[in-house]
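Each in structure tokens, the structures are laid out below.
Two complexes come next, and they have one chain in common, subunit A, joined by subunit B in the first and subunit C in the second.
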Partner chain A sequence: MAATFYGLMARFDTAPDIYHAAQQVRDAGYKNWDCITPFPVHGLDGAMGLRRSNVPKFSLIGGLTGFTTGMSMIWFTGAFDYPLIVGGKPYFSPLFAFPISYELTILFTAFATIAGMFILNWLPQHYHPVLKSKEILRGLDDAFYVVIEARDPKFDLNRAKALLSQAGAKEISELEA
Partner chain B sequence: MSTHVATISNVAGTPAAGSTHSVGSAANKALVLGLVGLAATGLGVVISGKAAAFSYLTGLVFWVAVSLGALFLIMIHHVFDAGWSTVLRRQYENWITCLPWLGLLFAPLLISAVVAPGVIWKWTDPAYDLSQVGGHGTVAQDVLWVKKSGLLSTMTLIIASFVGFGGWTLISSRLRAHSVAQDTDGNISHTHANRFWTAVGLPFTALSMTLCVILWVKALDYHWYSTMFGVWFFAGAIRSALSLGVILMVWLWSRGDYKGIMNNNHMHSIGMLMFAFTVFWAYITFSQYFLIYMANIPEETFWYSLREINKDGVFNTWGYVGMFLLFGHFVAPFLTLIHYPVKLSKTWLPRVGAFIATVVLVDMTYNVMPSLKNSSGDAYPFLSLNLLWIATSVVGVGGVCVWAYLNSFAKTKLIPIRDPRIVESLTYHE
Partner chain C sequence: MAHAHTDHPAPAILAEVKPVSFPRATLVEKNRSFSWVTEKICGIIEGPTPRWWWIAFAVSGFLASFTVAGIIYLVSTGVGVWGHANPVNWAWDIVNFVFWIGIGHAGTLISAILCLLRQKWRTSINRAAEAMTIFAVVCAAIFPVFHVGRVWFAVLPGYLFPFPNANAIWPNFRSPLEWDVFAVSTYGTVSVLFWYIGLIPDLAILRDRFYRGGDKIRSALYGFFAMGWRGSNRHWSNYEMAYLVLAGISTPLVLSVHTIVSFDFAVSLLPGWHTTIFPPYFVAGAIFSGFGMVLTLMLPLRAIFRLEDLITQYHIDCMCKIILATGTIVGYAYGMEFFIAWYGSNPYEGFAFINRAFGHYAWAYWIMITCNVVTPQFFWFKSIRRNIGLVWILSIFVNVGMWFERFVIIVTSLARDFLPSSWGYYSPSAVEIFTFFGTFGVFGVLFLLFIRFLPIMPMAEIKAVMPQADVHGGHDKH
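Now for the complex of A and B:
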């Protein structure tokens, strides 16, 4: 069975090269593409046209859930399910419910942030087509890659190849899914 | 290291040398404004007497908080060998030249403790009649004073204030002198000397500041116990100094001095610190309230009761001030600063900073003014003529501080051009 075509993988030798190549791919209007670099390249997110991450939305939901859980738990146990006077204090007050709400805010925010990061990155991901290519080993060491996926609505094999070589790619290979 | 220092002086020399230091007239205006404010406060003492002295203490302690916060931020910079804050450090070094002046402005309060004991701090006069403030007997008959009399005496007050202001002046002048000298000779030994002064200065300033604010502010109500008080003051000090920093940064940016020096990452970093210390202040202040609320001991709870209800059970104006502090000092800055774009905005971050600095002043007012009680032991209302005297004190002392800052600003380079970390700071990115 013939393997399905996944996309193009283009090698660049220096960080400035991939930075400028990313700008060109971004300006060409591609959406389903990515950069592979052996180390974080500062400003590459801007060159790729990435917006700020959506993880904070997960964090906010987690934090609000934690705070509400803490408050309602203390109210439920102390004032509703089993009312008990402790230390001459009222059955429920946001004051003594605050420490537990605060801790749960932090705990649930942390959980939601990690979970949000995993979900948005499609993690855990045990297989990715670039792993089939031997090139990926250099991508972990000294080379920089741009990968444009065939499922991108703008994708056209010849045009994408032309764009990448015009952007200064040293080598372009085709990836199997 | 020496070649490194030589190269960076070439890189950094241009923007700093090209900056215009035309602030001489502004410095004089600030001094005149300050003197007018101080004169108005003096008039207040004639009109309102004791209440104006309390207001002056409020205004003075606010600027002491700002300046000690600046001193702490410089020392924290050195102790962590920080990079990004190098460009901003010079402005704090200019600011802390006001510390000896603050000491001088504090002197009238110490003189009053000797000449007219009991006016501000009741325990400076053991014969003070407590029935004036809703108590009974004299201070000398008060067992809570007798047990604390080793600390609460005029002599301790004077010695602590002298050691405090003397030490802060010494440390701040050394830190500034070494930093400025490095601009000329580029010698790394100045960086090492500043690390030495920081290692000495951090514990000294932490302890002396705690002792001083306990005597100056907390002991206005000497019955009270709180283990969080020194840390509470520190939180306010750092918050107001960070607000000052961001206002100075954006001021220098809008003048053009900081073009090419400051970037978005500097704004983001100081914004994150403002956010962190907003949470820190809330943590400390809540802990203080919460421990007292849970333990429910009269020697502690009276301090908050005074700030919420009168003896007849009527909710007083300080209760609203307390609620304002909860929402204005924590909730509002928290929800504002949590947004990433706010921390980058040259319009919004200084506004948030100005707001936080104002609320630090309200917090100081909340801690100082209710200790001025009437004969039934209730606090005088928040809304009163005293607010005017607080305003004149803040303008008066603040004018002197700004004058000292601008004087130093005109004499020094805009950034420490030969600091070993200056390139890291100029090209700072997260």
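Now for the complex of A and C:
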């Protein structure tokens, strides 16, 4: 089966280079493109024009669920399912239910945050053209890459190549899907 | 830093006073490159297993067998094999539990609180410290789970977790002991999640290095847990946010865990336990002991794997200073407890403290004072902080002292409460002693497996704080 063309992968050797290259690709109006970096490069989100991550929305939902779970569990067990007087205290009070609800808020927030990160990143995804390229070894080690996908409406092989070389790419390779 | 902001002119006063510009401490010495970091950390995993590792593993495994044997004997015989008896019905089990939980706290402090405070030096020690947290929680959990004797009762009929028991009664949620179940299990779970999230980018490096090196099996194993990570910046954006949220929730979590542990005592009415200073005092003590353990573990690792460029003298200075600060807080708490016992004019409270210092357990009290109050004061001196061997020895004193702190608090108060007719003296049984010392073996086995199979430092995070990572080339130009 003939390999289909996925996009271009251009190597940059330093963090300032990828930063400026990302600004140029952003300003050229591409949508389906990405940067591959060995670590989160500070400021690259802005250079790529990414919006603020949506992970905290998942966290908030998780936290609210956790707090509600704690409060309702303690109410259900102590005041509804089997009301039992212990030490003359009320069957339910939000005060003594608070520490456990607090812990469950944190527990559920943690799970929701991580789930949110995986969902938004579309992970796990064990197959990807970038992973197939031998360049990934350096992409996770010490080099920085811009990947422009062929499915981008503005994609034109020669113009994309010209843009990347003009941005200072050290090497441009073609990725197959 | 250079004042290159043209749109924000420097205040005129600066020209007159000429402030000294202090260079920031370098976090990775000798101007190492990104790939040097990768080779260094991955090299530990990819290289052959060193002989010392097998020796240490065998010793730890042997030691861990004490815990296993002690627990089997306990479960098959009954909790009477431990030395608890009236009036000391809580002793080494909860001492060991609080000791191990406290040790874990430094890991979360490093990974969460120092992250929020933007302390960049945390990067080279946070992975190992978080691993220490998880393994410490494992060791801690052994004691509350097995002190119920018939351990299956801890879960299924609901001694600890809320499953209805034989009489359909639920656990008492008014009790701090029940809060503790939730606090510690949340703490353990969130610590594992936080640790795992940090590992993902590093596992991806190992996956690809093993794949290109032809080791398909190891590549598949690391790759499974790397979740197909490919260093995409669109991913990093969400990843960084998730990491920040996790740091944000782990901070109140770690403070709440030892607060709730201290409620186990503070909510009771026993003299010496019933004090409001306990939550902050316990949290400071936990961080104190945890940093002691971090130094105990990291200094040998640094020497064995030649990590001096990554764990620099600056890192050791920072850790010593945290030990100094928290140790001094602990010393202050000891003094304040005495003051309040006198100032509160409660004869039982007053007696509890005089008895701690001069009663039957005075030996334990003075070991505690020596190790926890005197030891950290050495860290005022730069020459001592630079003497790595001495720092290591002092860090062990910190660990010993914090174990004795919990012993003093728990046992002295129980052995001498209100009525002299119910006084007693507690000594641990052999089973208890072996079970406790065995937990160091359990910890050792887990930690050795960690340093053999997982990257002991977060490569991506270290690279991000190196000077080359600055997109403005190290100059403050925007």
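Rule of thumb we're sticking to: the second predicted complex is superposed on the first by the 174 of 177 C-alpha atoms of A that agree within 3 Å, B and C clash if a C-alpha of one lies under 4 Å from a C-alpha of the other, contacts with A are read in each partner's own complex, and residues count from 1 in each chain.
As a working rule, a residue touches a chain if its C-beta (ideal position, glycine included) is under 8 Å from a C-beta of that chain, and two chains touch if they have at least 3 such contacts.
All values derive from a computational prediction rather than experimental measurement.
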item: Combined model on subunit A: subunit C and subunit B, fit or clash; value: clash
item: Partner chain in contact with A:Q24 - subunit B first, subunit C second, else both or neither; value: neither
item: Which superposed partner A:D34 touches (first subunit B, second subunit C, both, neither); value: second
item: Touching partner for A:G139 - first (subunit B), second (subunit C), both, neither; value: second
item: Partner chain in contact with A:T65 - subunit B first, subunit C second, else both or neither; value: neither
item: Subunit A: partner with more touched residues, subunit B or subunit C; value: C
item: Subunit B versus subunit C as contact partner of A:G88, first or second or both or neither; value: first
item: Partner chain(s) touched by A:L50 [first = subunit B, second = subunit C, both, neither]; value: second
item: Touched partner set for A:P99, first subunit B, second subunit C, both or neither; value: both
item: Common interface positions of subunit A, toward subunit B and toward subunit C; value: 42-43, 52, 56, 87, 89, 96, 99
item: Residues of subunit C defined as touching subunit A within the complex; value: 33-35, 38, 162, 164, 168-174, 176, 178-179, 182-183, 186, 189-190, 193-194, 197, 201, 204-205, 208-209, 212, 223, 227-242, 245-246, 249-250, 252-253, 256, 260, 263, 459-461, 463-464, 468-473
item: Residue ranges of subunit B touching subunit A (in the complex, touch as defined); value: 286, 289-290, 293-294, 296, 340, 429
item: Contact footprint of subunit B on subunit A as seen in their complex; value: 42-43, 52, 56, 87-89, 95-96, 98-99
item: Residues of subunit A that touch subunit C when the two form their complex; value: 14-16, 18-19, 22, 34-45, 47-48, 50, 52-56, 59, 63, 73-74, 77-78, 81-82, 84, 86-87, 89, 96-97, 99-100, 102-104, 106-107, 109-111, 113-114, 116-118, 120-121, 123-128, 130-131, 134, 136-137, 139-142
